[in-house]
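These are the structures in question, set out in turn.
Here subunit A shows up in two complexes: once beside subunit B, once beside subunit C.
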Partner chain A sequence: MNKFDIQIREDGEHAVIETAGYLNDALGEQLAEKARELIQNGYTQLVINLEKTTLINSIGISILIEIIEALHEREGALNFCGLSATQERTFRMMALAKYAGIFPDEETAIANL
Partner chain B sequence: MSDTAKQVTLTIPMYPDMELAAAKTASVLAELMNFGEGEVEEIQLAIIETCINAFEHSKSDDQEVHIDFLLKDDELQFKVTDRGVGISTDTLDGSRLLGSPGVHTDLRKRGRGLQIIKSLMDEVDIESSPNGTTVKIIKRKKP
Partner chain C sequence: MKDSSEPILGSDLQQTHGTQNTAEQTMERLIFSLSELEHLGQTLISGYGNFNHSSKTYLRITLGTLQVTRGVILRYHPTGQNLDVVASTPEQVFSPIPIESEEVADLLQLPFIESASPPTTLKEFFIQSAELVETIDIRLWVPLKIQDEFLGIIGLGRFLGRETLEAWEKELLTTLANQISIAIAYSQMVEGIQSEKFRLFMLAESAPQICQLLQPEDAAEQVVLQAVSFLDANAGALMLTSPEQQELELSYAFPEALVETTDLQHNGDRLIIPCGEEAPVVQDASSVEMLKSVVNDGLPGHCLPESDTLFGGKNLMAVPIPGRDGDILGVLVVGDKEERGGRIAPFTDEDVVLLDSFAKQAGVAIENAHLHQEALEARQLQAEMEEARKIQVNLIPDNLPDIPGYEVAGHYEPRGPVGGDYYDCISLPTGRWGLAIADVSGKGMQAALLMATLRAGLISELSRVENGTSEGTEKEVCPATTYAELAEMAMTLNSLLYASGTEEKYATFFYSHLNPETDVLTTLNAGHNPPLLIRKDGTSKWLGEDVGGIPLGMFPNDMVSSIAEYEAEHIELVSGDVVVYYTDGVTETVNVEDEYYEEDRLFEASKACKDGSADAIREHLHDAVMKFQGEADQFDDLTLLILKKK
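Entry: the complex of A and B
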């Protein structure tokens, strides 16, 4: 029922993870796995592009928090982009914006890593 | 919408992703009522979180969640009911802490489904007993 997809774009010192679909436990676990692989491969500057992510539930948010923490343990950074107004409001309410940047588009998110 | 409130009922099984069926129905109804795009998304997220709470906590024998939508001129009401064992508000508020213990404790404290629901909706009322739980939610249209 929930169609989702993850695309990875690696470029020099940073990588972009783009998710599409409903970010729940299933997509979130795949996202976390991709992030772990990137971190293990030395990418500690990540952007998660959520432009094609229709909905994010609280379990999906919990997985994003784990990625933030994994990056901070390696002194890395994470920026989000492509959030809807509701998603951005939820991220700010749950303090994600305190530990990760939120930007309107991918280019700006990369530039601010 | 006419002056007469319209009612829509939906029953979903507690299967993975079935909360999306509730969210889709809520989306159609909210659009019918001319809620804005952002408000429609807020309603979808609120019903998703409410259904997930029922899936996780109700322990109901029938493994079903019943949703009653009431469409009024100025507000959308929905009641999400399960016939489970009941749940305390404290449990709903704190049992699904986000992530595992880690560096940023403020992320953990704030990450709760019920908090999301309350922040996005105008009224949230929870009635729970050993025979089940009903969460009544109201989203009002902006004047």
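Entry: the complex of A and C
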């Protein structure tokens, strides 16, 4: 739970960002920075895997919204995967699901970019 | 795609700059500016209202409209009293610029500030922003505000083809700044609504979830994590009170490293805070005192990081967790509420209300989990007791054997489902008999297992001491014949029981070795109630009264040797002699007047019935004890074993 980490997997036209730990301001800023780098490098199809992130606060949510917005500006797409049931309900309630896809696993999330 | 940091400039305007400015060109620029104002409005109402993201667009439009090639937008954060660079052209990362509240007040009074001639009151601001001014080449500043609220500032540099802005351009800049101010205020409002929406949703979502958790550890973890999450905190802890509410014990902490930062009392893995009225004051530990007052007063508390030794000096808020009966179950603590940019904000009154509301749900969840745990343990205990009862039933003989020339009768009456008494009559292949009676400390499975260990050890020892080997089976057992052999057997049994139990587990034990051919009864006492021998002629003796060793399993062998070694003795029985074996449940039976039955009454009752059969003596003694007990409760197991020489 306390482990704090971000892993990037780039594969041709898409990239996967996997987070671990509490998605608050600190982890969120790292995530946003990684996303910015990927977008600058031409990746507009992203998957964020939150399987190892069981805790998110409102700042983490706002950072995810920024990433969605940045991708939409470049006509890109973002899919989430590995969400707990509560996280999925939270994302739907906070309207993230309106602008990004939610899928159970990474493979499906990539396939639906 | 166009670089987001690049100013938007009308192509015609770019071509005509450097030439004489005409009314036509000015008109064209005004028309262009109007269209950009519309663009600004669209940016404001589109997307999520997130200013940090759309700030680049605002800067781009501002620079393009005014034909300026460099610029920066800084957003003010009152919590941290600093200005964050949210957009710059050229794009570059800058550190936040600290700003004093007096400087903010001055900025609210000024429509424009020239870098070349800064007001003396803003001297510190210009020192702090020197790198930014130099890098961007900022020449003109415009504060962003709505009424008396300072929201940020725009800095502009390098005006295309001119040294300064014309009056009408400054008016346009003021309009643009107002639009950007509205965007920041709108963004703040949206962020606030989103945050509140998130918090209320999480509260509504998490409360029923934690109430369904059945393990107290899971409930504690989720209570802390959910509170941390919806309060945007960076740390949290749940501390539960002891039953007497004299201590707070850490139940769960996030992050786990939080516990390591404290130098407060540790008891192994447990973090304890004394919190009763008599609890000592801990020096330089404001959070400890705050937690104590939350428990003692039942009201929320705040604690600032200064002079704090608990939780590593975090900005803390704590609320009591109420139980069903109005007791305080514990304290829920959250630490360091974060804001965007890593700033730590103070907890607000709304935060207290929210956490207090959540703590009420947490109380229900924690109590539910503990009640479930207790019910589970009760079921496990019941199952264990049933298993123990089965073990014990198998240890107590259903029917006592016929010993040639003797009558034997036994009675066993446990106080509860599983007792701690044991008696046996072991047939030895040589025609001799071993009679044993014991009282094992405790009840339940441990007592039953100790009893089983004692019986197995007894049979094994009878074999070993007579054959000089431990390989024999019960059928090969020869009788122990010497005092030394019985004493050695007792030491071995003592060692066996000592190794198999805790300090509280021991057994009083009385063993009799009967040779029916010679009518010699060799006895050994290990702390048990001395059996009563009543002769046919009415004389009597308490067996093993003077040679009784200490109970088996209480001390290791070397200590037993130094206190009182086990000794055996023997008697010869004649026709009509009776031996009454019993446990302390008989002599310590209490009547309604709180009197004990005691040895004297047992003696009198035994004397009165000594001429009857063994069965009749057993019945008489049992009836006498029951009559004495009357309506009083039975406090202990009640066991009798009668041996009578025909």
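General remarks:
In the analysis below, the second predicted complex is superposed on the first by the 110 of 113 C-alpha atoms of A that agree within 3 Å, B and C clash if a C-alpha of one lies under 4 Å from a C-alpha of the other, contacts with A are read in each partner's own complex, and residues count from 1 in each chain.
Keep this in mind: a residue touches a chain if its C-beta (ideal position, glycine included) is under 8 Å from a C-beta of that chain, and two chains touch if they have at least 3 such contacts.
Treat the numbers as computed from the prediction; the structure is a model and nothing was measured.
Model built by superposing both complexes on subunit A: subunit B and subunit C clash.
Of the two partner chains, neither subunit B nor subunit C is touched by A:Ala77. Of the two partner chains placed around the shared chain by superposition, subunit C is the only one that A:Glu29 touches, whereas subunit B remains out of contact.
With both structures placed on the common chain, the touch criterion links A:Lys98 to subunit B but leaves subunit C unconnected. Using the contact criterion defined above for the overlaid structures, shared-chain residue A:Ala109 touches neither subunit B nor subunit C, since it reaches no partner.
By the document's definition of touching, both partners, subunit B and subunit C, reach A:Ser58. Of the two partner chains placed around the shared chain by superposition, neither subunit B nor subunit C is touched by A:Leu38. Of the two partner chains placed around the shared chain by superposition, neither subunit B nor subunit C is touched by A:Val16.
Clashing C-alpha atoms with subunit B after superposition occur in a single stretch of subunit C, namely 44-52 (options considered: 44-52, 62-70 or 242-250).
Shared interface residues of subunit A, touching subunit B in one complex and subunit C in the other, are 1-2, 22, 24, 26, 55-59, 61-62, 65-66, 69, 72-73, 86, 89-90, 93-94.
The touching residues of subunit A, counted against subunit C in their complex, run 1-2, 22, 24-26, 29, 54-59, 61-62, 65-66, 69-70, 72-74, 86, 89-90, 93-94. Residues 16-21, 23, 38, 41-42, 44-45, 48-49, 52, 96, 98-100, 102-104, 106-108, 110-113, 115-116, 119-120 of subunit B touch subunit A in their complex.
Contact residues on subunit C toward subunit A in their complex (touch as defined above): 1, 4, 47-48, 50, 52-53, 191, 194-195, 197-199, 201-202, 205-206, 209, 225, 228-234, 254-257, 338-342. Across the complex, subunit A meets subunit B through its residues 1-2, 22, 24, 26, 55-59, 61-63, 65-66, 68-69, 72-73, 84-87, 89-90, 93-96, 98-99.
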